[in-house]
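The two complexes that follow have subunit A in common; it is paired with subunit B in the first and with subunit C in the second.
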Partner chain A sequence: MKKILYVVSLLVIASMILTACGSAATEAPAATEAPAATEAPAATEAPAATEAASSEPADPNSLPRNETLYFNGQQWGSVVGWNPYSTSNNNGMAIAQQDNARVLMFETPYAYNMLDGQVYPLLADGPYTWNDAHTELSFGINPAAHWSDGTPVTADDVAYTWATHVKYNTPTGAANTAYIEDIVASDGTVVIKAKLNDDGTAVNPLVVQAYVSTNYVIQKAWTQTLEERTGGDATALLADTAEDVVFSGPYSKYFADDSKVVLIRDDNYWGQDASMFGKLPIPRYLAHTIFKDNAAGTTALTAGEVDVSQQFNSNVNLLWEQDGLPISTYLPDAPYQIGASLPTAFYNLKSPGLDQVAVRKAIAIAVDYPTIIANAMTDQSATFDQAPRSLMNPTAGEQALYDHAAVADLQWAGNDIEGAKKLLDDAGIVDTNGDGWREYNGQDLHYVATCPNGWSDWQAAIEVVAAAGKEIGIDITTNYPEWAVYQTVVTASDQPLPEGYDIFMMWSDGAGPTQPWSRVRHLISSEYVGMAGNWNGNWGQYSNADADALIAAIPGMTDEAEIKSAYTDLVKMYLTDVPSFTLMYRPQSFHTVNESVWTNFPYDGDGTNPPVPPMDLMDGWGVAGLYNLELVNP
Partner chain B sequence: MKHTLQQIFRSPNFVVGFSIFAVIILTVLIYPMLIPDPPLKIIAQGTFFEPGIYVNTYDTFSAPAYTLKLEGADSKRIASKLNDEDRLAMQKWLVGFGIPENEIDIQNTEALLDLWNTNFDPSKRFQGMTNADRNYYIRLNNSVQGLLSTAPAIIAATDETTGGLVETDRVQQSDYINVSQVSNVRILPLGTDNFGRDVLTELVAATRVSLMIGFVAGFVATLIGLVLGLVSGYVGGWVDDGIMFITNIFTVIPSFVLLILISFSIGQDKRGAFTIATVIGFTSWVWTARAVRSQVISLRNRDHVNLSKLSGHSIFYIIVNDILPYIASYVVMAFILQISSGILAEAGLSILGLGPRTTEVPTLGLMMNWAMIYQAHILGKWWAYFPVIITIALIAFSMNLMNTGMDQVFNPALRD
Partner chain C sequence: MKGYLRYFFNKLAWFFVTLIFAFILNFTLPRLMPGDPVAAIVSRLAQGMSDASGVQAIYQQYTELFGTNKPIIEQFFIYMKNVFRGDFGFSIAQYPRTVADVIKSSIWWTIALQFPAIIVGWILGNMLGALAAYVRGGFDRIIMPISIFLSNLPAFGMAIIMMVVFAVWLKWFPTSGGYGFDLIPNFSWKFIWSVIIHYQLPFWSIVLITIGGQAIGMRSMSIYELNADYVKYSRFMGIKDSKIISYVFRNAMLPQITGLALSIGTMVGGALVAEIIFSYPGLGSTILTAVLGQDYPLISAVTLIITIMLLTANFVLEIVYGVLDPRIKSTQAD
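Then we have the complex of A and B:
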């Protein structure tokens, strides 16, 4: 009797699991028929997997903890697709073609390392070389590299990827055709030909160089299948969910629904070849539960259910100092993270009064930056004493690119209420009618400072900016529109900014192979003045011909002293004209780890060479950290 | 009237509720006179300072020192830097380093520190030791440096001519100061919040604003409900049908959902405290209207009303003079409940981020919202949100008590 009951209950459980998996497969919004076919057998095998050999993949709903690395802060909402040509996959674990490209499933020829500013070969074979005229960049492909279907990765794949980007005018194609003439494969070598100026020099060698660590190599054969399927229609090609995509990276899709995303290791990954990593990455599964909000993610992190957190956890140090949890960040003490980008307050230079340098500078020097860093960022930013204000991020590489002494007089530490008042008084901007607010051209200085609603650290920072205004007789109130409204208004640079956007916050570039040049360009270049759909920068519409000339010239410069002097001049212009001002430093990725299960995550001084950057073990050279992980209790 | 008031104040429920409410109102009125700081002033550089007495360290140097020879001062000092857990952790490290466990006496501070100082090496890692452990040992090592020293701490100033340090004072371990003699002491009974604002000052201001929101919302809701109920109940006929049609529609739509939709569509830039209060009022009049209507229906055929009708009085006159006084007690009670639900509605909206604009005024809901955004509940910073919850609960509790007390007096069915 007991045996019958046992069998019956087993049957019931098995059928429940089957129905659960079945419904998940049909519910998956992006599912075509292909995934259902691949998932179904995994589901039927799932119950057996726990008992049988561990090589069988586990049930995605009960992954073995000591083979799974859990993340948070990367994926919000369900995955749309797996198409590396598209930028609307909402697939935070697998696809991000950016300065520090996400190389878990798809790979770039080179991986960028924000710590030393170098790129390291990934699919490529050895370092790339420029020809003597600095117009053609070439590199080989690692002969060991092969796709998930076993065929080798070739130079032809790189060339065809580019040709497809251009043919269908994908976002990658559109962003690079002004700088890259063509990418061709000759004798197994990839040659990237730069677009040339009339004088025969490359338009922008920096962007050409960045291409190799920013953009994925996609298989030619699969691309052709995709083209066939979509009939050459660009919209259909970009909208394809690409469930059948062929990849070269160490992980691929295993499970995705509206509650979690799981990637599984490809045990045939080419990177185990001695010429690359020499072994497979340690965790078999990479899983990301889709959390409702930051608080839910933090709770999971403190409970040890998340190993790697890419989230702003306020007062992160209390998690170990006060709660004694095995949690740590890349740096043991404040600022805890490596700052890379510069969240910046832009002035609308067309607002009455803000066209005056004195007003802009007065507000900027009156702001209490230590309070912003301590309160809004809970000390997770370098201070302006540690990294004085410039156009550079706090990394040593960028700090060395300008002459600190030459601009020391122009910098400010903030909280300088008296200095700000004097500046305004000297400029004749005083309170004549005695209402407490200064006037310019007979009009009270009244501004609205704004940032998107719900962006808590930015909102807290904007509050401090507003408080500074009141101290110096400028009425600044705050307002937080929803992001949907905010982004439409701020990026419409072809129209004047409406009322309520006098001082507004936006980001700047972080760390990457074109930095700091690209950040400087995005902060002050006048090429974005009047641009519709301006997602680049200079939203306050600043223009300075001298700065434009320097920005255009820097990519072609090769002499280090010349580059340094150009950057120093740009910093001087920026600090003199104050078209915008940095409020804090923010890391490229937040990188907080819980060592309840896994240990040996990258940390400052961990002895890795080249140093593994704190990029959550997935971006750029940060992926190398996956090979160093160890279990705390093996 | 006097008799009614006497009766009301004889109800224990009402008296308790009224006392709590009076204390809240008095605090809101008197506190700003005693501590006139602007409630939204950012005073702390850092988030969530614990409640306590903050003594200016710099000023303590110039305050007169007193020598007190107190028992156990040393052991307290040591315990604050090196507790039992730390001792066990030290032992674990030393054992991992290879020192036999029986040679480590963790209760003997001197011997333990000796052993520790001679052996500790931050670069050493043994099996199972995480980077978090390593960071902990480094912090522990720093905190125990000089722990057993009995030498005074030296205060020095920079010599402007030479740039060197010149000793200005020595602080002995037995030196005490009298807090009342330090020129700058700030008591933060409820600590600071995520912006670095004094929570108590903010809480008092927020209570005032929330009470005002509740009052305005209650007033608007009661006014609409009362007018519609009176007209509908007294006039009857198609007017009644029409009004009840609208009322019923509003009854089936959950008012909080309506509130969320309206608040969202107003947009953050236009959501002042007063706007929010009005919106709350406009979405919560339904039950008042229905209750007033049913009372009026039972009143309108009373003799005195008919008499008034025969005397040729206008509808307005009859409603105001012959009907309203009979339902006044109910309306007052409904008003009190509306105030309390208005405050709760504001708190609910603000927690969802749909409350009044942030910088102008603090409200109870906004304080909770920001405490949540900065994860005070996860970090255990209870003072940022718990006093707010208590305040909201006390306001709602006192009003409900007053309401119950009045109900006992006015409702014949409940009268003793």
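Then we have the complex of A and C:
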């Protein structure tokens, strides 16, 4: 027995010494040798030296560092499937049909660019056109476009994709059938027919045109195989893991397990045609290690094991300022990222006192937003001095959509304690019994501010809101239920919000082809009042008939001045009634890069035309950045 | 033999009674949590969907699929029927992956990490505890405080310290993953070596914590045994110290074996902390995600496995004790 124990102990100690002395297979590359991000040349001039070589990998069991681009923050948990009809694939590298669609494996007709708000042809041939009545949208398919099996991508594929979405009531079908009557192929051209109002106008042309950059084109022949395999059963069709799927994009599945997912370049990708990118994307492999949390992802980023980071890296600037690492963000200085969405604090408008504008506005103007931005976002958000509050995100395109001067008097940057007190005093909401808390209708103003537990940036923001309340004589305490409970309560708009949900945080839309209209709608449209299972918005149950009318009218407007006037009016209403208020700006995707191995990532002012957006080289027009990468040491 | 058989069947009956109750609780408890797991899926699917009725259609579809719209009794009988066929159904959070697939893909990482760590920690801890009790003096004065320190150090603290020291500062070991971030699993020395080096930090972070607790327990038991009459008698007889230690070790080990069996029984629960800190694959973080996401089928399946393993370990122990120690058998059989 004793001998065995000795042997076991020796083995254990030896294994530790041996492994410690051995050369670690994952040793990170020298981190300080890369040039600064701002030194990269024009993004469209990638040198030939970094282009793909032969198509056969030298060692199928390893991913050569200088051929692989590593990501984090896209894939959490294991990949479930590769089915472009389903939204349950948990496949962060390959499938995301959204405002900025992920176009690495599957492609949309057009790619959205959040920087200029334009769409650029991907599978489509040239820009789309509307008919005179603005009821039908048409576009052709690039003749060079072909599927991974070599067959051409056709207008018929687009039409059959839509027909399948409708037939099987997929999430895409369910989301669009109220706006799209049909999609047909006519002489090689795709025609999207809008659903019409009684007066013959399109119900919502904005949603119709968004379809072309948010939804994939899926091969008809493969779809028919899938239908045959699943016997026409909708549940089975959506649950199919689609390992045999045919795709048109530049990358496809190479490997996936519980630890990582790897895509490999298709060297027959049609996009190398002169009519599209003219060459193949530079990295042969796109790999994503599955980290368990942000901290692990940040550690790998700093170790040079991640090149492109789509996750919140706390105090990201310290990585280059203090640690001297070759890490950078899209913007060289704060806010480091381009803000796109507006994390928002909603008021329960049925809570006693919160039905009063004075109370709502007083709390909102008293909040210390600079502290929220410094603590919750570690300065990775524009301040409200840089991008004054409205319903728009800080991108130039959206900022141009409302008249800043017309609403300037209504905007606030926060920390206005005296102004808040005056507002309440003027409204007669004062502390009459001397207990330190103001009263309304004889009741002390006590509220609970809440957000999901563990959402640390939101929790930090909510704490600041609570602190603001105390400064102005309103008692705000905090409570953090688990997300599973929180979302069940908040989305049940057919019932009154229970106690503990007086002020609560939810998200708003980011950047996309229907924005800012869709964000405005989700923030203040009364169509969500009383809705069971409300995953859309207006969770505080605000109702304003004038706002509803403008929200209904904007999609049909074509005159720019008219649109601007409508948005300005909506901003006025929002800032006057304060049914909710933005706490910070959050990027569409975090975009932080480590230039130990690869360089020439997109950055602000990189000279690309059209500008490559900071979408981690995979979403919308952001994919164009893959063609500009260069090796630090070719 | 008759007494032993009676003892055996008595234990077996209790095994099944406990299992039935555990089975019912495994099903009901997760479903008593407030919240709606299907809502969580739909909130994920609804991102970017403009049409409200479309969202609700999706919600109806999924409640139908997972049966969460049925009465809980009906859900229980469906569940029971399926489990007896070995079908735990679909995971809600990872739909359309089956629960069996989720467990199958991560359980081997957990067992490969936990089982050796528990065994090595147990062996080393008991050795050190027995030695400390026997040698006493300076050795004991060093081992005891270290053991108390280790056993009281939170698991996450130990894991973070090890990662910062050995992975970030010294760069001896990788910071995360089950194998090299630049490798694809294959049967080659390069890959196996990568697995070995990625294994070290999670492994030792568990072993060191285990050693502390085991050493303290073993030391106390050994001191008790060392003062027993048979030790004194052995010394008078002039028996070699090493022989005496082996007697002491064996006697003091009985309660430690109980602890070992129970640890092995619960190991499927996973080394949550080590898995999260080192982003190591395994079932622990899968269970945590399942609990937070109210993935009922996955929670029920994993807790059922843990229950069965624990009950089996307990049952085997009782039976082995019955054989080893006639006093237990006779007491229980009465």
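Convention: the second predicted complex is superposed on the first by the 574 of 634 C-alpha atoms of A that agree within 3 Å, B and C clash if a C-alpha of one lies under 4 Å from a C-alpha of the other, contacts with A are read in each partner's own complex, and residues count from 1 in each chain.
Here, a residue touches a chain if its C-beta (ideal position, glycine included) is under 8 Å from a C-beta of that chain, and two chains touch if they have at least 3 such contacts.
Because the structure is a prediction, the values reported are computed rather than measured.
A.B. asks: When the two structures are overlaid on chain A, which partner does A:Pro343 contact: first (subunit B), second (subunit C), both, or neither?
C.D. replies: neither
A.B. asks: Under the stated touch criterion, which partner chain does A:Leu318 make contact with: subunit B (first), subunit C (second), both, or neither?
C.D. replies: In the superposed model, A:Leu318 contacts subunit B only, not subunit C.
A.B. asks: Quick one: is A:Asn536 in contact with subunit B, with subunit C, with both, or with neither? Answer first, second, both or neither.
C.D. replies: second
A.B. asks: If you stack the two complexes on chain A, which partner ends up touching A:Tyr480: first (subunit B), second (subunit C), both, or neither?
C.D. replies: A:Tyr480 sits against subunit B, while subunit C stays out of touch.
A.B. asks: Spot which of subunit B and subunit C makes contact with more residues of subunit A, would you?
C.D. replies: C
A.B. asks: Considering only touches as defined above, state whether A:Ser62 meets subunit B (first), subunit C (second), both or neither.
C.D. replies: Once the two structures are laid over each other on A, A:Ser62 reaches subunit C alone.
A.B. asks: Output check: A:Phe255 vs subunit B and subunit C. Expected answer is one of first, second, both, neither. What do you get?
C.D. replies: second
A.B. asks: Using the touch definition from the top, say if A:Asp99 reaches subunit B (first), subunit C (second), both or neither.
C.D. replies: Touch status of A:Asp99: second partner only.
A.B. asks: Regarding the shared-chain residue A:Tyr603, is it in contact with subunit B (first), subunit C (second), both, or neither?
C.D. replies: A:Tyr603 sits against subunit B, while subunit C stays out of touch.
A.B. asks: Can A:Thr299 be said to touch subunit B (first), subunit C (second), both, or neither?
C.D. replies: In the superposition, A:Thr299 touches subunit B and subunit C alike.
A.B. asks: Considering each complex separately, which residues of subunit A are in contact with subunit B in the first and with subunit C in the second?
C.D. replies: The overlap between the subunit B and subunit C interfaces on subunit A comprises residues 299, 482.
A.B. asks: Show which residues of subunit A lie in contact with subunit C when the two form their complex.
C.D. replies: Interface residues on subunit A, with respect to subunit C: 1-2, 5, 8-9, 12, 15-16, 19-20, 22, 24-28, 60-65, 68, 70, 77-78, 80-81, 86-88, 90, 97-99, 169, 171, 173-179, 204, 207, 214, 234-235, 238-241, 254-255, 257-260, 262, 287, 289-293, 296, 299-300, 303, 305, 482-485, 487-488, 491, 512, 514, 518, 521, 527-528, 531-536.
A.B. asks: What residues of subunit A sit close enough to touch subunit B in their complex?
C.D. replies: The contact residues of subunit A facing subunit B are 294-295, 298-299, 302, 313-315, 318, 320-323, 325-328, 332, 368, 370-371, 374-375, 378-379, 453-454, 456, 459-460, 463-464, 466-467, 477-482, 500, 593, 595, 599-601, 603, 606, 632-633.
A.B. asks: Give every residue of subunit C touching subunit A within the complex, in rising order.
C.D. replies: 33-37, 39-59, 61, 65, 90, 94-97, 102, 105-106, 109, 120, 123-124, 127, 163, 166, 168, 171-186, 188, 190-191, 193-194, 196-198, 200, 204, 242, 246, 249, 275-281, 285, 289, 292-294
A.B. asks: Please output the residues of subunit B touching subunit A within their complex, sorted ascending.
C.D. replies: 41-42, 44-48, 128, 130-133, 135-136, 138-139, 194-196, 267-269, 353, 357-360, 370, 372-375, 377-380
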